[in-house]
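Below: a set of structures, written as structure tokens.
Two complexes come next, and they have one chain in common, chain A, joined by chain B in the first and chain C in the second.
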Partner chain A sequence: MDTTAKPQYDNGVVKYLTVGAIVFLVLGTFLGTFAASQLAWPALNFDIAEITFARLRVMHTNTVIFAFGGMTLMATAFYTVQRTNGVKLWSNSMAWWTAILFTIGLLATVVTISLGMTTGKEYHEQEWPLAIAIAVVWTMYTFNFVMTIASRNKETHSHVYVSNWFFLGMMIAITYLYVVNGLAIPVSLFRSYSLFAGVQDAMIQWWWGHNAVGFFLTAGFLAIMYYFVPKQAQRPIYSYRLSVIHFWALMFGYVWLGAHHLQYTALPDWTGSLGAVISLAMIIPSWGGALNGMLTLSGAWDRLRTDYILRFLIISLAFYAMSTFEGPVMAAKTVNALSHYTDWTVGHVHSGALGWVAMVSIGALYHMVMKLWNTEMYSMQLINFHFWLATIGTVFYIVAMWVSGIMQGLMWRAYDEYGTLAYTFAESVAAMHPYYAMRAFGGLLFFTGAAVMLYNVVMTIRMANARASKPVEATA
Partner chain B sequence: MANHNPWPDEGNTGHIWDEDLRELDNPPPLWWMLSFYAGFIMIIFYTLYYPVIPLTDKTGEFTKGMAGWTAIEEYNEDFKVLKDWRVAKFADKEEQLAAMSVADILKDDELRQYAVATSKVLFGDYCAACHGAGGAGNPNFPVLADDDWLWGGQVAQIEASIKNGRIGNMPARGMMGNLSDEEIDNVTDYVIALSEGKGSDPQFAAGKAVYAKGMCLACHGPAGKPLAPAGAANLTDQVWRFSSDRDAIRNVIANGVNVKKNGEYIEGTRQAIMPAFKERLPNADVNVKRLAVYIHQLGGGQ
Partner chain C sequence: MSRMEHYFSTDWSALTTQDWAGLIITVLVFIGMLITFALALRPSKRKELEEQKHKILEDD
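Now for the complex of A and B:
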């Protein structure tokens, strides 16, 4: 190292986004637990339109995916792009505007959905004025990120670090997918109609919908993995070549998968088959990321005993590997015929969302809190407690949905000796009740873990601030 | 990235970021690489076997793979197994159901049992949402498992109710629409007394007079029991079409059932319509009969 002093980075906006992400994690998992409880005990709808399941579920998905996930992506991208390129943000004020406007945009989305304003497009529910605002904010985020990389010293940083590729791929893909799926004809301030119709509309919708998973929730979080796993483990990435190959395979492969959401519908057969076969071909590229992260720990596995943050990061990779195997299997027509429209899909999404996305985020957020406030955590034991709550909660959730989903699929297709349906739809609903209660319990555990995290982080920041205000130890 | 490499012997690529981020020059594991290629080879074979290529042939059909597979054919084949099963085993019974009257079906014990056995899910998916599982009823929707029938409990009457639907009508404020609020209060008390067998008590005499003045007896019968089943409720039992609550009963008398003015329901009127299921059921010719027989045996058939 020929540098004498550590470079100074723009940390304020990252601090804001880090705390914001944790607040939205608590809020989002609360809404999810509430919605899950409504399914198990419908009286919890209270006959209040603004919080009936139909709206609450959408408020939940937007809060966890876009508010929590989005703020985590922004926090980690702004944090890592500075450090891996050795420069401050290209524009700190633009980053602040991005963070503030994104928060307002997402809060407005959740409120308008509660009021019944929706495009009806899954994961793209906000009406056109909000959609345009969010697209602009997203572009600001992307532009600032690109310009920061461009402003690096090309002598000392001739190569761009792998986490930046994944962030960039995610930003570009999300921009065009979100914009194309959002194309609509407005008829009033809060009402618009999609530019596409019929099965084309469905196909465009799932082209976006699957890549909200594939890029937003996968590529973006692989970027997080590629920075925070080697940092936390203090080990080099296992294989540079593996990261190159699986990066390009995912970038080219993922955008083809959307059709697997529309098997056995009006979609032409070739489109569904194409979606299925590329899905199957994505198992190994997906595992490339999980493998590279896991093998990075070679020679450091013992650290899992003592490093609770590393536990979050590594178990997230295990869930990632599991759900990227499960997804393609469900995309295959034979399995899809049973699994589609059942709770199995919901369970699969949550093994990815809770097990992979939330766990890797939580690990990264703890890591950033300690670095940004230059402190130890208030309580490492609470992190361990959070780890077990989150892991057991996730397992409860996905096991309940596996059983319930497969049971639903089998009940719907069962025939009796007369060749008539063996079960009424209502009977299949009634049979789900114990599993819905079990799922709500799993969600409650996960939510409790998030609340413990928020408490731990707040106490950590208070501790750090109290120490910093003492003049003797005020060394930045 | 610094110019010198603090970890010269670990086999890294020589690039170092953020003090200690670095990558090793390891090749990907062999099994991963082989599986990766196998994935692409699988795509080729899958593409040949299944319809993946978006080209159309001379007839305008999309290219099929070598397997000739289409989703609709898979569905038809699956469904054919079921149809063949039904035809092989039950074609004669289905024909009998189509040809015979519901009354005759009821007399044929074997056929009746067959109709009941094949109705369970039909009833559950089409009827139970309003009438409850097993016809046990729901608030504001009639019970089908008791012997209290608005439109008659003989199997042919049940069949007619399912087939063509039923729309009850009760005028607001008596037949002439001229009952005062006080009169409505009195007749409400009288109707409740009737259901408790106390209609002759002198304290309800005023209500009894209103019952006559409002011409309630035209439909509900002189003693509160309709002379023939034509949609009017029997007032002498404890079974209430809508609710046993006094305010709800009073509201029905004051605002009637299905009362419209200028094509719109008037405020407070009870809306109660049984839809015509000949338009809603699949294979309605047979399934209406099947359900009539099923409902008849739920407990209240006459």
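Now for the complex of A and C:
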């Protein structure tokens, strides 16, 4: 008889967040595919104000980044903090309140944006009452996480595992960035004006904007990588010291990058140069981290042939390495002169968002579903199918945007022999059509993969519940 | 003044309070990063740190 006491964890809230994240993945990718289709075929906005591209695109970004991404971060943080510290959540009820209020807040965000209520600040579109509510919920999440670590048994768990550092770094940075960028003067219930003006407003906006990428979409998901890649591979991370270096380099370095979004604007020139230089320097820790994850599989690469969940996790690192190289290159002024304001930026964002963030999340979510419901997946073949839909969809998307973006940049700067512009803006829009259709197709593939995932997870949970409710047969 | 001297010359008297605050924070962050890297990479810490990576494999 096994007398080893297994710790009992608070899994209910993690289950809720896991399923919620997958539902929002389906919803968010649907909105994205719809928005992409409107760019290729504008008649699809049906002259309905609530679903015109300007609103639909923001509904998409909020759903995928904050609803899907946020719920994934909450699910994985609550899951891993308990296991790495050998202790239950400090407050299970606070975790439930966090999860439910976060869901309501995000749904309210999507609805208010569709009604045209927006601050107009990218990735911070919620008007002030919702922004305050989300900041409070985020603080609850952070507080519960910190207190869970603080309540661990310091004798058996003296060291705090590195994934917790990344989560904590993300939580602290996002709190102050979100609050400072959101400082505004309300003039009515759903209208406010930023406390900052002019170029200062732009600088604060991109200080937040790029760090939403750097901390929310990078540090938080690296926390996921540092826990779930070793767990799924059943091998320790390649180098723990490298993970520590990766963490500190990210924390010290990332906050300087925002100015690279404002090259050739009213911002002082040196600020953009600083942003570009630090962006280039960040290639080193980013690639170090990506290699750390990939080399975890050293000597066991054959597992990628049979473990489809591991495939999601490892290919996400390949996309992470690729987009953390592409980003700094685009930050350099010479390249930025061509790439800025074009679809290349959109392609870059999606190589990170689809290839890195979504793929690593999907791998972690599949892993958690099997652990939380203590079951095998309903269909491993469907996971394989999902993997190929997601990978091919991502490649279609980013290749279309690379070609489209570079073409746009070249058309906009082309001059004829008399020194006048060679193309009108409308001509450049017309030239984009095939690539916009190709992008919509890539998005459709990715959305289909998400729907397959939801079906597979629902069937897995039903299978596990049916098994659990069967009467236990007497054994001899 | 050579081209290099011109490039790196700074009019210190023109720095505002905010410029000084930014400069000091930048230098402190840089020193802090160096100290952190040195602490993480010192050979005597290697065994202690690398041992941590095995623990999560047995956490559930």
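Rule of thumb we're sticking to: the second predicted complex is superposed on the first by the 469 of 476 C-alpha atoms of A that agree within 3 Å, B and C clash if a C-alpha of one lies under 4 Å from a C-alpha of the other, contacts with A are read in each partner's own complex, and residues count from 1 in each chain.
Just so it is clear, contacts are C-beta pairs under 8 Å (C-beta built on N, C-alpha and C of every residue); 3 or more make two chains touch, one makes a residue touch a chain.
Computed from a predicted model, the values in this text were never measured in an experiment.
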Aligned on chain A, chain B and chain C: do they clash or fit?
clash
Report for A:371: first if it touches chain B alone, second if chain C alone, otherwise both or neither.
second
Between chain B and chain C, which one contacts more residues of chain A in the superposed model?
B
Please indicate which partner A:426 is in contact with in the superposed arrangement: first for chain B, second for chain C, both, or neither.
first
Considering only touches as defined above, state whether A:291 meets chain B (first), chain C (second), both or neither.
first
So, does A:230 touch the first partner chain B, the second partner chain C, both, or neither?
both
Using the superposition on chain A described above, determine whether A:88 touches chain B (first), chain C (second), both, or neither.
neither
With both complexes overlaid on chain A, does A:467 touch chain B (first), chain C (second), both or neither?
neither
Looking at A:252 after the superposition, I want to know if it touches chain B, chain C, both of them or none. Which is it: first, second, both, neither?
second
Examine A:281 and indicate which partner it touches, taking first as chain B and second as chain C; both and neither are also allowed.
first
The shared contact residues of chain A with chain B and chain C are 83-84, 86, 159, 161-162, 227, 230-231, 234, 236-237, 239-241, 243, 245, 249
Okay, in this complex, where on chain A does chain C touch?
6, 9, 83-84, 86, 159, 161-163, 227, 230-231, 234-237, 239-241, 243-245, 248-249, 252, 371
Chain A residues touching chain B in their complex are 1-2, 83-86, 156-159, 161-162, 227, 230-231, 234, 236-243, 245, 249, 263-264, 268-274, 276-278, 280-285, 287-288, 291, 295, 333, 415, 418-427
Sites on chain C touched by chain A in the complex
29, 32-33, 36-37, 40-41, 45-46, 49-50, 52-57, 59-60
Residue positions on chain B within touch of chain A in the complex are 1-3, 7, 10, 12-13, 15, 17-29, 32, 35-36, 38-40, 42-43, 46-47, 50-54, 62-65, 69-71, 75, 82-83, 85-86, 89-90, 114, 117-118, 120-125, 128-129, 133
